[in-house]
Amino acid sequence: MVPEMTEELRANKLKTDEMLINMGPQHPATHGVLRLILKLDGELVKHCEPVVGHLHRAQEWQGQNRTWFQYQALIDRVDYLSGMFTSWALARAAEKIDDVKVPLRAEYMRVIVAEMNRLTSHLLWLGTFGIDLGAMMGLPFYPFREREELLDLLEAIAGQRMMFNYIRIGGVQNEAPPGWFARLFKFTGSFPDRIDEYEAILSNNPIFLKRTKAVGILPRKLAIDYGVTGPTLRASGVALDLRKVKPYSVYDRLDFAVPVCNRDGDTYDRYMCRIIEMHESNKIIRQCIEQIPGGTADVLREKRKACSACGKANCPHCGGDLAIMVKKQNAGLRVKAGEGFAAVESPRGVLGCYIISTGSDTAYRIKWRNPSFSNLAVLPELLLDHQIADIMAIFGSIDVILPDVDR
Amino acid sequence: MLGMVGRAAEGFYQVCRGLWTVFKHSGRPPTTKEFPDVMPELPGAFRGRLALAVNPETGEHLCISCRQCERVCPDKCIDITAHKSPQTGKLELIDFKIDHGLCMFCGLCTEVCPTSCIINTSDFEMSEYSRGALIYDLKRLTLSQEESAYYFAKKDLPPPKPKAKPAPKPEAAGDAGESLAQQPSDVSQQPGPKAEE
Amino acid sequence: MNSAVFEIGKFARLTLLWLCIIFGAVWGVSWSIGVLLPAVILSQSGESGRFWAQLLQALVPVVAVALFVPLNTCYMVLAERRLLALFTVRKGPNRVGPDGAFQTVADALKLLLKEEITPRGADLLMYTLAPVIFFAPSIIGVMPLLAAVSGNHPLFTPVNLPTGVFYILAVSSIPVVGVVMGGWASNNKYSLVGALRSAAQAISYEIPLLLSIITVCLLAGTLDFVQIADNQRGSLLNWNILGGGALTHLGIGSPWWSIAAALLLAACCILLFALYVICACAEVNRTPFDLPEAESELVSGFNTEYSGIKFAIFFLAEYTNLFIVSTFAAVMFLGGGHAPFPGLEDACISGLRGLLAAWFGACTPFQLGWLVNSLVNPATVSQVFWIIVKSYALVWFASLIRATLPRLRIDQLMDYSWKRLVPLALILLIAVTFLKELV
Amino acid sequence: MTESDQAEKSSAGTAAPGQFGQLLSDNGIESNRLPDSCGVETIEVDRQQLENAVQRLRKSPEAVLDLLLAVSGVDSPESYDSVYHLWSTSKSGELVIKVRVAKSEVAPGELPEVPSLARIWSAANWHERESYDLVGIRYSGHPYLRRILNPWNWVGHPLRRDYKQPVDALNDKNPVSFR
């Protein structure tokens, strides 16, 4: 660190040196255990190499050694902020191979819980993004307050706050408890105002704009080249949202917009994309509650009671669409031989699951295509010639979850 | 020059707006949950510590030693010791061990249980000073009759049918403990792998 | 809603409790050392004890500061945490003592007891010296403020410098040396970057800060704290933030240009105050400018490697610095110890006095009055009260800023200083000089 | 059983080429159609022609398969597969490309070689590193083929069917342990 009195210094030539610094794995702002090997020239980043794998838990190996039923419980941990999506991707891939038709009511339930989970994920991102930018105290707590309400709701339906284990192959785990939909509907009514409050603090703040505008510009071509997906890609001007492009589940019945920025995206655009996405998710939840067949839980119970005597498999009132799933049938589930790739639009991008099944109760090979993995790969390109402070702004804006990278 | 002043004024206004928004929050009720003083209200679906329920009415143990939970557990944290009763020829539960240090509270065992015997309670305070203390045996796992009734009501589970057994073969909690005491050799012959910790 | 009001009430209670502790302790000790003990010594040993009596009296400011600084920091840290909790809809520390009043005391004790770690390869001398160098200026910086705070009380006249402003400005640029030393000696790259940032920041924000203070001194015409404060006697309109009395000089028959100049001067002074607040935040590394210890980038900046008592000293000095700049602003801009509406205050005091008289009048009016007057001077109480209210209000405002604003980047920080604040400060300096003559 | 069925099917290659297979054969690149994976066209490409084929698929205006979603290494019973999932951002096309290296071709103690796509798609970089790490497929021409999820001094490729975890992998005294 200390330049010695060399010949060059004596000859009045200023000698400068690059500084090699390890940011992480133990660093307050690397969102877990990312290690960045940085070469700094003063405050400028000249080279960056991300080192991942500190959280590797062999999730793919476990997929080959656990039954489908057991594995479903494990993979919520892959992306712990949006566990619904990992379960959903696995369920969709297995259902595709197995040709399972999911009851419509279960599809609606899936969309509702998934969008709630997207909200919780984005809210947590917003709070930590504030921390990354140095808004240490105020901002982080307001999104967490709303997230807490959503997590309470998810806990009431799934049993836990983060490791939901709710979406299953063939349906969902259980029916919503009485009064749940009413609570959720009430929350969605007040939520847009809360988002406006966050925006009042951050969106137009001159310091925030200075820190985010024209920082970490991700050109469209580069984004596609790196396989970046999700809001990060949409902020760079590519309208790739699976919910619109390849509608799955019941997304084609819902009216929502996908925010796309029409230029090369910078940190601010990625921020804005997520803020608008929260509004849209809120809208989706409201529509789902209005559209869900069988009505909210209390109504459904009445309906089921009314026609419980008929006992027909395709009863227009109780059978088919109103059923969610029978829990116990899944324990010994076997998926047909075959292979398939299914993807869902997780809060971070295209979350894909590639399954090769041989018809036994475990998978032959499961490969996860995690959005964070691809999104993180682009980080060295984004950081080049930016300052130390921008590392956190950019890294925060692409919203990487390290367990999702390392699996 | 004027534009710069305008921008500065705009920035100042926006900063003030942010400050005001934050300041407004000081008039809002705090969201802190004072946990040890005020216990949280947990939903019925909450997956807390595992426990074995008894029949709320008769008090007989609901476990039929079918080992479904043991088989489905992803962590292999359940260890059931049972033997075929020489008198009745039926399975008889000797010991039921759950290593809560290994359990990840996925709730799969409660889903496969045919008699709704193993359930997730709302208890989440289970810290211990050693890992060994986290291994719960049959006695610690079995709920009382009142607790079972409470959880059956809270979780909206169908009420268990009384065991239609001609032979008087009580399997209530206390009796199970007695049978454990009577046959210590059986238990020691089959030590669970986690029991040694 | 009710619970929110309840929380605010708790905060007010905490503040009152701590004010009683701080000023009770400081005043009690000062009074016993400066008045009681010398009197006892003189009465016991006559002339031969005069030396000791005078020595004790000279020690009063030192003892007062040594007591005041840690106690005040305890309160400030607690207040900041409670306030941030209020702003972020939480409760904050509420376990130790009544409403968590002694949380910071417990924290301080914990820090004192913690193991002290010196990183391998650290320059031990520099590493140990850094907190001291960081801390010393804040203690000696409080001293001249004492006179202003206590309204030039006879006990504290020894530290009343005729060039107090100059003294504080000179002393306040020393801490950065400690920061650079600590950052360099830690043998940690984060610390080094933090220290270098701190040096750059301190240099660039000192200039607009100095310029704004110089402007106020021009307006007041003196460098003496007590005089600057006294010049602002009267009402709110006489405060330097509103042009230092320019508005009150106006009469019915004043020419239009005089009115315009006075209004402009007031506007300039408000800007000047804003400038001062920004630069002061940067000087004491408060939030929008807390780059030297940016948590999310540099772990903890220059004090990453410090632990135990050394870290505690850094912590202490940082909050004392914040208090110094707040009190400085209160004296320079906000009228020092003078009430915003003296008439109202007098009415209140006389009303209170009447109430007290009615209350105690029956029993021992004479003894009570004697006791009160011998201990404290009512004028001093008012003085101390107002200056404390003003400086703590500024401290609270800093908490609000901390709860809201994100952090600047280092190049933007420099840009902001050199391209915006320095020109603005120069313009204001010239403008105020001219406008002052016009009024 | 079923795998061998699949292998039979693929070796027969009787199915008519799909949209993308047709496109490739129009351009003189051989491809072998495999049974569709859940309705998505799946082709097998010889490893010598892989780079050529994906370049063509990426650039040609009919296909524009410009998004490489994932590169998965698979340890099949008969072969080591490298599976590429291609999507298009502007069209709705999807394609699965498989490159197979028969196990009989691979000498014991050596890794199967597949040409790297990291020069064509930056996305392939990390995915190929992962596939190398877990399944042990060597991507020739990769700029930085190094373990990514496992520690750099790990021995073996954990997702191989014949992988045995070293008994003392968690032992502190073992120089290759990752503790």
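A, B, C and D are the chain letters, set down in written order, and residue numbers restart from 1 in every chain.
Assume a residue touches a chain if its C-beta (ideal position, glycine included) is under 8 Å from a C-beta of that chain, and two chains touch if they have at least 3 such contacts.
Values in this document were obtained by computation on a predicted structure and should not be read as measured data.
Q: Just to check the components: without chain A, which chains are still in contact with one another, directly or through others?
A: Without chain A, and with every other chain where it sits, the touching chains cluster as B, C | D.
Q: Comparing centres built from CA atoms, which chain ends up most distant from chain B?
A: C
Q: Which one chain sits nearest the middle, judging by mean Cα positions?
A: Here the chain at the core of the arrangement is A.
Q: Per the centroid of Cα atoms for each chain, what is the distance between chain A and chain C, given in Å?
A: 47
Q: What whole-number Å value describes the gap between the mean CA coordinates of chain A and chain B?
A: Whole-Å distance between the two chain centres: 28.
Q: Centroid from C-alpha atoms only, then distance chain B to chain C, rounded to Å. What do you get?
A: The computed centroid separation for chain B versus chain C comes out at 54 Å.
Q: Please compute the C-alpha centroid of chain B, do the same for chain D, then give the distance between them in whole Å.
A: About 43 Å separates the centre of chain B from that of chain D.
Q: Where does chain B touch two or more other chains at once, residue-wise?
A: Each of 15, 18, 21-22, 25, 31 in chain B touches at least two other chains.
Q: Mind pulling the chain A residues that touch 2 or more other chains?
A: Residues 138, 142, 145, 201-202, 205, 207 of chain A each touch two or more of the other chains.
Q: Any chance you could list the residues of chain C touching two or more other chains?
A: Residues 87-90, 403-405 of chain C touch two or more partner chains.
Q: Graph of touching chains, which shape: line, ring, star, complete, other?
A: Drawn as a graph, the chains match no named shape, so other.
Q: So which chains end up touching which?
A: Pairwise, the chains that meet the contact rule are A-B, A-C, A-D, B-C.
Q: Under the stated contact criterion, what part of chain A meets chain B in this complex?
A: 66-67, 69-71, 73-74, 138, 142, 145, 148, 155-160, 163, 165, 173-174, 177, 197, 200-202, 204-207, 327-328, 331
Q: Quick check: in the complex, which residue numbers of chain A touch chain C?
A: Touch list, chain A to chain C: 1, 19, 21, 27-29, 43, 130-142, 145, 201-202, 205, 207-208, 210-211, 387-392.
Q: For the complex, which residues does chain C have touching chain B?
A: 1-5, 7-8, 83, 85-91, 400-401, 403-405, 420
Q: In the complex of these two chains, what residues of chain A are touching chain D?
A: The touching residues are 52-53, 56, 58, 60-61, 64, 96-97, 222, 224-227, 229, 238, 240, 245-246, 337-343, 350, 352, 354, 356, 358-359, 364-365, 367, 369, 373-374, 377-378, 406-407.
Q: In their shared complex, at which residues does chain B touch chain C?
A: Its residues touching chain C are 8, 15, 18-19, 21-23, 25-32, 34.
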